[in-house]
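We just call them A, B, C and D in the order they show up, numbering each chain from 1.
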């Protein structure tokens, strides 16, 4: 059974001008959750504004304490309401949802590329990978310095991420994809994991393909149900590369044949071959 | 008081309670089976099924509006063959009625669909979605024209003995006209409402939000309109009406029932509360206990009695 | 950037900005004059006026629904004679266009109304509310039948030289048909939408909530439907469209404008925020400044450009 | 100009199981407000649920401090949301609205009849009347003892109200209208003011008419605009007894000719001749 119930906010921290971290007591979800999965939160307890739940990646887990964390950026009404919740209040939460990142036994050296709050699902993954003694390099990008997410937590895990800030002045002054390109000129990796804005992921996919680097990305989409029932979150996925039964090819599309897949079930994790 | 009797019959289909899933909002039932036993439903209405597989519309397919959502999923489905060959198995052990929603752009598509589903024993009834654009009639929906609706239902009626629930479009001047036409053509029940046609614009990109420009409005926002249509239709027809449109709670469901619906369907609410359907069933039972009502049927049309 | 140019012309009426009051939601303008200078409006549309005084419907007349309200005021008004003899004085010093919304149950009533208002110099234009039940046609609204609408508008057109804005009902299968009929019959502009027919039931008393059973739905809930209709109509007609239905903010107003409306009207929002209209005017100006748009006209139909 | 803006909550007290008093800093409204008038509050600052404002009588005023009080009972969503507001938060408030109670110079002895939270507008009136050295008797009724409103405040003004509690055990065990009837058998008054549920006001009106006692009642109605623009709050008022220009007689009604008047403008105060 999937879990859907109220969870208490055990901590709510402001992490940046529009950045927050919430820790929720949700032992039922913690037990099963895997990196790359997400939870679906109801931010408004009364009334219908906003009506729908909001999806957030699992940022971190404390299985012992049964505490699940998310890190989010305030972008609209839902996240604005969320940001005003106080410790001790409860939130309706359902999860864990979606396809987790795949982890391969043979991988020894992995690169992660994150754009802003897109770092969220990668944090939980990083913790697991490090537990497996994998060599990990992380590239964090953002437009502005204050939009960077994860540096502190990575450092606590013993990882020094490389930083790209478009508007400077810290780290590499440009896009994180440019940093990735340079990195891949110098070094090789067994796998790439990435999450961030769509335009970034597109570029990451292109660069990785050029270098024949395999990996997975985590996509976002507007969601209604979050569990596969509404087909609202569809994303065009390249055919033949996935195993979903719902595949119906999209006739008009040029390029490789694609079919619409559910980001909430077949995703949000997709392989680099499947997308764009 | 003992557990009240929630049973009701809809066009020859016996339901143990009056709450069904709304087509397109409940997949094939498996998804919500992860939260509770789907056998709790009065009936399971599965998503819109077409003759050929459909890829659906380009994203974005969902946009929130005030107390509602617009969707432009566009009948994405793997087609009736796949349904019969693959999906149907999962229902073989089920004890609740399975209702298949059928859709097409040509009359012949509906008829072929009904023919193919007629021999499938797991299927208890067909819900005929007449909100689809009628390609031969220049794209106006079948359900917006009394004659088209009549001919379509008559055609489907001729090829199947399964109970037919005709699902009406709210995007019409006079829904009672279409309702009567469907009844006359042999419908065993009516369901209403399907979504209201709407749209949203992103003022920053200065473009329609949905990939498909127009979408269907559902959720609490449409409830007053849906309720009015159920009221108007159930006054005119003698076949049972399944009410839907914005039902979020047992109270909402009771409004539809008191307006004249014999059963209700729940769509958008599932997305917000995955336990919406069992909650609503329980809430109706609770209301009956509180008000000393033994049989659910006493509530049907209760608000009409004085009117 | 300087203050942007918000002016626009609607069927021969020059507005200094595109924001008007919606009929029936702004009395005769005096009420909101207690909060701000009503001369800020693009135009003042006063409430529905009939030939004879009307008492209106029994209470309750208002019920809240999810993000909307149902009203069954029922055209309570003191009649056109009273309006001309008493109310009109208060507008003699006004510099903004005064538009009178007219309504009736018979074609002849509309014609008499237009005749009586034609010589009144304070009146800049007439808004013809064709959502009223046509008594001769068995109670279906004038605005739900293409021929009725055409004849009605033609009749009114014949007796007045004042600009005619025909206000369309959303309770129709194909609003573009009625829109085209009104245009052909001589309408100078169209306004849409009037309220969607709806109802609510009190599950405790088991009765309809409104004294009149049915009511008209307005407010944010209807915005997606209103916007879709403005989009559809403005694509088909060559006369200007005044968009309304759920406009609460400047962003909402901009959606209608980008969908193709040349001006907007604000109804229900006034009840929640008495400063809604000046706030919206300011917000539109702000958007133009931010986006370096000099002339309001550039925004009209902006979302259609690529479509 | 009418005032419509945000006001700070300077105090929010729980007064009973479902009864609260809010004090708002609203000097602009305090200046002009008269007993019997009301304010229109927006309880939800974001979103449209509930959509409309909610009307509340002015319970008390401190003109010096610019503080306006309302006393309200939680009956539905709006009052529920209101009850959760905290001191320091703000509320959108407009007012003062509606027709105040009329006060006659010649009145020396006045009786007030209140049903539950219907006492609200009478409290402010009582304070003014006492300032004018009028002899005042107050009957407070409620179904249950905990629904009584005003006793404490009246005592602070030096008035000992008579109590009627339908379900006992305090005071007179029955309806406040029965108490009124008995009272009027024994004593006479120059004027009556009353506010409470519709059924109570109907009975109060009937009893007063029998005794030829003049006075005013304060009515309630579902309101949209609160300022006279929507005609949503209409109530049938006996013709000839009022001066409104909007009078349109209601044809079908039996009994005296009535017309629909706006509770928010022609009311909420109506004379005993005008109503029922």
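In the analysis below, a residue touches a chain if its C-beta (ideal position, glycine included) is under 8 Å from a C-beta of that chain, and two chains touch if they have at least 3 such contacts.
These figures come from a predicted structure and were not determined experimentally.
Distance from the centre of subunit A peaks at D, each centre being the average of the chain's Cα atoms. Computed from the mean C-alpha positions, the centre of subunit B lies at a distance of 47 Å from the centre of subunit D.
Chain geometry summary: the mean Cα position of subunit A and that of subunit B are 35 Å apart.
Taking the mean of the C-alpha atoms as each chain's centre, subunit B and subunit C sit 34 Å apart. Chain contacts: subunit D has residues 48-50 touching two or more partner chains. Of all residues in subunit B, those touching 2 or more other chains are 66-68, 219-221, listed in ascending order. Taken chain by chain, the contacts link every pair, so each chain touches all the others. Residues 48-49 of subunit D are the ones touching subunit B in the complex. Listing the residues of subunit A that touch subunit D in their complex gives 44, 46-50, 77, 80-81. Those residues of subunit C that touch subunit B in the complex are listed here as 65-68, 70, 140, 144-145, 171-174, 196-201, 203, 206-208, 213-215, 217, 219-225, 227-228, 231, 246, 251, 254-255, 258-259, 287, 302-303, 305-307. Looking at the complex, you find that subunit B touches subunit A at residues 24-27, 30-32, 34-36, 47, 53-56, 58-64, 66-69, 71, 73, 76-79, 82, 86, 219-221, 248, 268, 270-275.
Subunit D contributes residues 1-2, 4, 42, 48-53, 92, 94, 221-236, 245-251, 259-260 to its touches with subunit C in the complex.
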